[in-house]
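Each of the next two complexes has chain A plus one more chain, namely chain B in the first and chain C in the second.
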Partner chain A sequence: MLVEALIAVPLVGAAVVAVAPNEYAERLALGVSAVPLVGSLYMYLAFDGSGNALLGGDVAYETFFEWLTLGPYAVNYHVGLDGISLPLVVMTTVLTTLSILSAWTPIDDRQRQFYGLMLFMEAALVGVFAALDFLLWFVFWEAVLVPMYFLIGVWGGPRRKYAAIKFFVYTNIASLVMFIGFFALVFGLGDAVGSTGLPEIAQALRAGQLGALGLPGTGAAIPADVLALSAFVAMFVGFAVKVPVVPFHTWLPDAHVEAPTPASVMLAGVLLKMGTYALLRFNFTMLPEQAATLAVPIAAVAVVSVIYGALLALAQSDLKRIVAYSSVSSMGYVILGLVAYSYYGVGGATFQMIAHGLISGLLFMTVGVFYNATHTRMVGDMSGLADRMPVTASVFVAGAFAYMGLPLMAGFAAELFIFLGAFRSTVLPAAPLFTAAAMFGIVVVAGYLLWAMQRSLFGPFRLETDYDVGRAPVHDVAAIVTLVGLIVLLGTAPELLYDMMSDATVDVVEMGGELP
Partner chain B sequence: MSRHWLLLAPAGAFLAAALALFVIDAVDRDTTNPTVLSAVATAGGVVAAVASAVLLLSNAVATPAELFGGQLVVDGMSLIFTFIFGSVTALVSLASLDYTRGLPFRAEYYLLVTLAATGMSLMASANSLAVVFVALELSSLPSYALVAYLKHNRGSVEAALKYFLVGALSSSILLYGISLVYAATGSLLFADVASAAGEAAATYPGVLGVGILLVLGGVAFKTASVPFHFWAPAAYEGAPAPVAAFLSSASKAAGFVVAFRVFVVAFPIDAVANPSTYAVDWVLAFTVLAVLTMTVGNFAAATQEEVKRMLAYSSIGHAGYVLIGLAALTGVGGVDAESTALGASMLHLLVYGFMNTGAFLFIALGEYWELGRTFEAYNGLAEDAPVACLAMTVFMFSLAGLPVGGGFLSKYFLVVGAVGAGVWWLGAVLAVNSALSLFYYSRVVKAMWIQPPAEDREIDGYPPALYAAIVTAALVTVLLLPGLAVFDGAAFDAAAGLL
Partner chain C sequence: MVTVAGIYAYAPAIAALPLASFLVALFAGRWLPKEGALAGILATGGSLVLSAVTLVELVLTGEGYDERLYTFVAPAETFDLGFGVLIDPLSAAMLVIVSLIAFLVHVFSLGYMNDEGEPGLPRYYAGLGLFSFSMLAFVFASNLLMAFVFFELVGLCSWLLIGHWYREAAPPSAAKKAFLVTRFGDYFFLVGLVGVLATFGTARFAGEGGFPAGPTPVSALIHAATMVAAGVFLLARMYGFYALLPTVLAIIAFTGGFTALFAASMAVVKDEIKQVLAYSTISQYGYMMLALGAGGYVAAFFHLTTHAVFKALLFLGAGSVIIAMHHEEDMWLMGGLKEEMRVTYLTFVAGSLALAGIFPFAGFWSKDEVLFETLVHGLGANPLLLGGYLLGLSAVFVTGFYTLRMVMLTFHGDPRTDAAADPHGVGWNVKFPLAVLGVLATVGGYLNPAPLAKLTGAEVDFLHRYLDGPASEELLTSAHHYGDLTHEWAGYTAGSVAGGETATMLGGAGLSLALALAGAGTAFVLYRGPDPDRHTEALGDLRTVLVSNYYQDEYQVWLAEGLTLRTAIAADTFDQGVIDGAVDAVSSVSLFSGDRLRRLQTGVVTNYAALIALSVLLGLAAFAVVGGWL
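Right, the complex of A and B next:
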């Protein structure tokens, strides 16, 4: 029942906050969000699951009851957590609470609606990571769009309406493509499955029970291997938009730049992870052979995302755009780790989801704190901020170095795992070449982050906009310092999460990959 | 015998409400309290809906019950549809109490609504082509008058005239089609038509084929399927908004229930589109209709500048989604996939009955407040009327297929049915249209919540009955997301029973 509580508390809290007076909304929202935070930390400490939830592992905090029938298929309410989803749930609750804190300063209009939507989104996100039935998962997956649409559209920047609808339509059509691909698989399985449960479908697919799918009018049928391959592509494209990988990334900078800081934090920190989480759960867990067949093009897409995203970031002068494009780059590493299909590759990709969530959240928050004080995000408009905002500036430096993969920070551990795993991949041809090319991305990251830091933080104080810059408010500093703490914690002790992650991902890579 | 009369309770409730309104109006027409009129019509709808649900869920029709020598049949499908008609009638009658305030002929208004609903519930049960036609007329004639209810409003009268002329034409086409089918098969009863269809297709393929096509045309008019749709935007736009809600939700569903039963039961596709006995491949025809209707409806909706007209076209688009249920009867996926598609169509119409009715009732609220017709007229309305705007947001997003309401599930069920029947590309067409619909539905949402409000707007009170109807529709729409579980088994069983 803990998962249900984790969904219900923010959901009910959202309704309460939405009708509360504006002046109390922010504190009320913080209080509400503390409940799932504490709950998820407790669930982390008391976690007793093992193995992969889709591949017959012991699922923790499981609930199962019958919900719908969909023609021949039973649709069940089935939730539970394993070593992959639990860290993501914890990250969701942590980042929600911290983004609510970071919203206190910039959000000064229609607060109760804002915080209500943030909590609603938290509930949907927890549902995405906890659901073990396809249709239930899809309900949460699509539900996330609704609050994000409003968060961008109402509280965003000047082009917010365009950005909101672009985000909305882009990701919605991607979901539909994926949906059709997935159900083609389900029908291809025929009588082998009787429900839309993800574990049942994953195990049937891995057991090779996929059959042909009939075509009307011709008497012909799509053979199983073609069906699997096209479904893999449909699902990959559907999820790639969410991740996003080049060339499906164009909605991301618009959405990020226009979104208010707390929404950017959630978008980069958690919503992008929905894409990689789904890739891992669906494409790479259910269809390993197709993933191996397509390893080269997927790795190419990953490397292009890494390099091209980093180059795009290099070309920006808006701090928020820099962080936004660098997310495209970082998520490319996740794809590379997944396609490597090795113990460290998939484990590292999972770890990178958390590391990138925390680090990009941190950078967006810090940029937000600068913006609250200076009302500009253009690198050329400011310099010497470290003089006036020493703590925030130090945090930004820490975040930037974490992004560059400085040892003892979470980013280092994640990228090291991924590179190790990718380099030694037996599934991906020419793995060392791809890995080396991707590593080059780090150089570019270092280039633009060092440049941006040097220009805006150091040197004599100068600001083009006419604002009095002083120390950041305590709650903002508390939020970003907490994140730095978490990043260092995971960098020094990655086993806190990596152990449960690798326990869940090892079953995914049992084919092709090699164990340490 | 008593069981049979009990099974007709939904239709009986409508008829009783209509007769009661007759009596009330005849006894004392000058001093009648309009609340009583509205209450009687609403009660009729509620009783019909509750009776349908109880009969449906108590498994009273595990085997379909044939009445009057097989002229009528009560089965799962007919009860699902009488539930839809009852719910829509109740919502519309409740909302009309405020909407028709100060207007004349209020007793006649409710009377026409309940009579039309009676006709619709007979359409749901019609088991012979003759009953289909009579029931269709019983529901159509009151509808024409309802559209013209604002008889001093040019738009209302014009809409009614268009609706009447096109409706009369479509009725005659249907009737001609029925006569050709009768000529070829020698019967009007669906079961007898079905058993004679194979032989008739071999002997008189032309007569039977044209007859089936004309019946299809008549049904396409009723459901406003492209290219037989052009009356619908005009009629829905000119009609009083509650009447538009009634027509676009209930009347459209009535057209579909006839389509489902006539084509699936009376014209078995194996018999009429067999290579050896080929009359007409109506599955192919419905496939074409579905693609056209989805695409034209949604693209036209996306270009509208007036909200009510946008809803009218969106309602055409939804008819296209529902047609997938018939287009998926390809024989490839087996009974499982086909009943999934057909059942999903029924479920979509059920959810649609609430979300579309609610959306039109929200427009009725806008007309009550005299806000204006365009999207801009709703700018910033959320500040003045947050509850109604929240409800409208639920309707819009649920229509667009986002998981704030049952429309999400029913639309994706349709995609599942299409994929299972091997027409996955129909699902893809739906996907493209659905993404497009998100664009225009969110325009309303954007206007209400994101745009700054118009300066000189005054909200003239909060009409309680209209609000109650809108909020009820919104609540049911939301509850149908988890609560579709109540109906889904019945819908898929009903579809499987038909096939």
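Right, the complex of A and C next:
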């Protein structure tokens, strides 16, 4: 019942906060979000699962009951966590609490709705990572879009309406493409599966039970291999928008620039991970042969995302846009790790989801703290901020170096695993070349972050906007310093998460190892 | 694995002590007397004592130490991702050198930073502590992964310390540039590291489990990649790996000789004292690479040791001058300082003579051995090595020249400014480190006077014997083992000119000493007298090339701004115009067509009736055609 509590507490809390007086909403929301935070940390400590939830592993915190029947398919309420999803759930609760804290300063309008939506989103996100039935998962998956749409559209910047609609429509069309792809697979499995349960479907697909899909009324049929490949492409494109992968990334900078800081933190920290999580769970777990067939184009897309995303970040002069494009670059590493299909590749990709969630969350939060004081994010509008806000500037420096993959911080461990896994991939042809090309991202990332810091944080103090800049409030500093601590902790002791992650991802690649 | 209980168990503390001083300075520095300096002095002093004890233990017992400390991630497949301590002659000696210099720099900083009332002292001492920690852990790293991790941390510390005065415009820019240039090298280091780990499953430095031989294409790539970034110590640390490849070694040697001359030529025309020293450092690293490439493992480490001492001395001496000159670095605004700054002057001269390679100072012995090793292996029919030798030999003259030019301009003649006439005094905390290093720079050469050992037969080549000790034999990191490897794999053999080995040795030493004296003498003649002229003006266009460092800066700026930034801006334009343009176009088309279709919904019933009638007619016509009614 722990997973249900993790979903129900923020859901009920959202309703309560939404009708509470505005003055108390922020503290109430913080209190409510502390409950799932403590709960998920307890679940981390008491975790007793093993293996992969989709491939017959021991699922922890599992709940199963029959919900409804759709034609030949039973739709069940089925949730549970394994070594892949639990870390993501913990990260969701951590980042939600810290985002709520970081919202105290900037959000001064309709607080109860704002915090209500944040809590509603937390419930939906936990649901996405915990659900083990496709339709249940899809309900949570779509539910996440709604609060984010309003968070951007109501509390956002000047072009918030454009950004919110672009975000909503783009990702929603992608969901549709993915949905069609997935159901084509389910129909292709025919009598082999009797439910929309993800473990059942995954195991049937890996057992090679996919048949041809007859087209009603024509007598023609789509052969199984064509069906599998087109379903793989449809799902990949659908999830690639969410990740986002070049060339489906252009909604992201617009959404980030317009979104209020706490929404940016959740968007970069958690929402993007929905895409990579789904890619791992669906494409790479269910259709390993198709992943191997398409390894070269996918790896090419990953490398292009890394380098092209980093170059785009270099060309920006808005701090939020810089961080937004660098997310495109970092998520490229995740794709590379996945397509490598090796022990450290997929494990490292999973680790990078957490590392990037914490690090990009940290950078967005810190940019937000600067913005609260200066009311600008343009690099050209300011210099020497370190003189007035030394602690915040130090945290930004720490975050930037974490992003550059400084050893003993979480990003280095993730990137090292991914590079090791990718270099010796047996699935990807010319793996060392792809790896070496993607590694060049570490030079470009250092270039744009150091340059941005040099221009905005250092040199003589100057600010074009007319505001008094002083030290940041304690609660803002507490939020960002906590993240730095977590990043260093995971960087020095990656085992804290990597153990359970690799235990769950090794089953994914073990069969992959037998691929041609 | 070699495991000895006892004193080696404390080896990790050599690095951990400065880590503690980093934390103390960072979090409590501003409440402490001297704001973190004392913590740093205590910590690095402790490291120095511990390193010295470790070295003594190694010499007495003849046993090394190779122990895993920390597992980064549990080994899976065949990967070995862990940190450990490797104590062998190379690392034990290096630990003493690094902790000695870290200690002296901390003491000197009391005079340079605290007494001058600089702001941000806790940050400074935190950076210095982290730097010492990273460097010491890098030195005792037992594998390439750990070396990379701490190498990167050293890069971070350099960024922090170079950019210390962040309120000014220039230091943050210089820090960024330094970090980016090393980062470019780190890219190759990382490719090499990942390649080694992915290919061999482990990257341990010592023992049979170390780098296996095997000239596969991958290992060739790795060799090339790690070599770009490795740095001299890492080259020495990984010598068993490089010694297997003849061409790689000879290229290292030739590049080293070229670097020695190339960097020295730039030092000739510099006006700022620290710039002369900076280019001189690059040049001296060239000599160490020359030695390693030529199979002179002992010579390289010997020169690394003496250089560490005399270059630290020269930088601290320059720092002392800069304090005295109220933070003026231009040598043309100095002059005549020798009268007012006796300790600084005497020690600086000792360091300079060592740098110039003049008998009997430390640098003479080590540079001579570098050149000797290159010469004999070059004479053993290796033209690349001979080329490297000639480049290195020419650099001796240039080194003598710029070194003495620096001494003459700074200390001799008449004071050329008011500040130089009335320098600001320096305290014991500046003089003490100078004195210690000054003595070492004078006598350090007797650590390994190889020519004396050869001539007299006395066993005075202490460093050579030390590096060949039993501890290194067991760990397969001995000079002897490396000599066998270069002989066997790289085909290095010794040759000599007519008259045999002794004649070659004495002739080579005489030649390099004569060149050093000639260079120094030229500078002395040109820059003596109360008010010397700027003779480098006579170089004309060549001077412009040298002052602008062969336009390397322009090239790097072009690479960063002309090429990369322009590509980035073009990519951004493409992204906004084409990729996002396509997304917006999809939405515009939908909106546009929606808008047009909307016009059908006029709300006028007769229009709808007309449309229905029209549709029915069209439908009938279509069925008529398709269904074959006609």
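Please note the rule applied: the second predicted complex is superposed on the first by the 509 of 516 C-alpha atoms of A that agree within 3 Å, B and C clash if a C-alpha of one lies under 4 Å from a C-alpha of the other, contacts with A are read in each partner's own complex, and residues count from 1 in each chain.
Throughout what follows, a residue touches a chain if its C-beta (ideal position, glycine included) is under 8 Å from a C-beta of that chain, and two chains touch if they have at least 3 such contacts.
Since the model is a prediction, treat every value here as computed from it, not as a measurement.
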Practice task
Considering only the touch criterion stated at the top, classify A:L145 as touching first (chain B), second (chain C), both, or neither.
Solution key: first
Practice task
May I ask you to decide whether A:M439 touches chain B, chain C, both, or neither, giving the answer as first, second, both or neither?
Solution key: second
Exercise for the section: Using the touch definition from the top, say if A:G71 reaches chain B (first), chain C (second), both or neither. Expected result: first
Exercise for the section: See if chain A has more residues touched by chain B or by chain C, and give me that chain. Expected result: C
Exercise for the section: For A:F179, select first, second, both or neither according to whether it touches chain B, chain C, the two together, or no partner. Expected result: first
Exercise for the section: Answer with first, second, both or neither: which of chain B and chain C does A:L135 touch in the superposed model? Expected result: first
Practice task
Answer with first, second, both or neither: which of chain B and chain C does A:G447 touch in the superposed model?
Solution key: second
Exercise for the section: For A:V169, decide between first (touching chain B), second (touching chain C), both and neither. Expected result: both
Handout entry: Contact residues common to both interfaces of chain A (with chain B and with chain C)
Key = 169
Practice task
Using the touch rule from the top, collect the residues of chain A that touch chain B in their complex.
Solution key: 66-72, 135, 138-140, 142-143, 145-146, 149-150, 153-154, 160-161, 164-165, 168-169, 172-173, 176-177, 179-180, 183-184, 187, 213-217
Handout entry: chain B residues touching chain A - in the complex, by the definition given at the top
Key = 330-333, 336-337, 339-341, 343-344, 397, 402-404, 408-409, 412-413, 415-417, 419-424, 427-428, 430-432, 434-435, 438-439, 442, 446, 449-450, 481-482, 484-485, 488-489, 492
Completion exercise
Given the complex, residues on chain C that touch chain A span 71-74, 76-77, 79, 81, 145, 148-150, 152-153, 156, 159, 163, 166-169, 171-173, 175-176, 179-180, 183-184, 186-187, 190-191, 194-195, 197-199, 218, 221, 560, 564-565, 567-569, 571-572, 575, 579-580, 583, 587
Completion exercise
The chain A residues in contact with chain C across the complex are 166, 169-170, 246-247, 249-251, 308, 311-312, 314-316, 343-344, 384, 386-387, 401, 404, 406-408, 412-413, 416-417, 419-420, 423-424, 432, 435-436, 439-440, 442-444, 446-447, 450-451, 453-454, 457-461, 494-495, 498-499, 502, 506
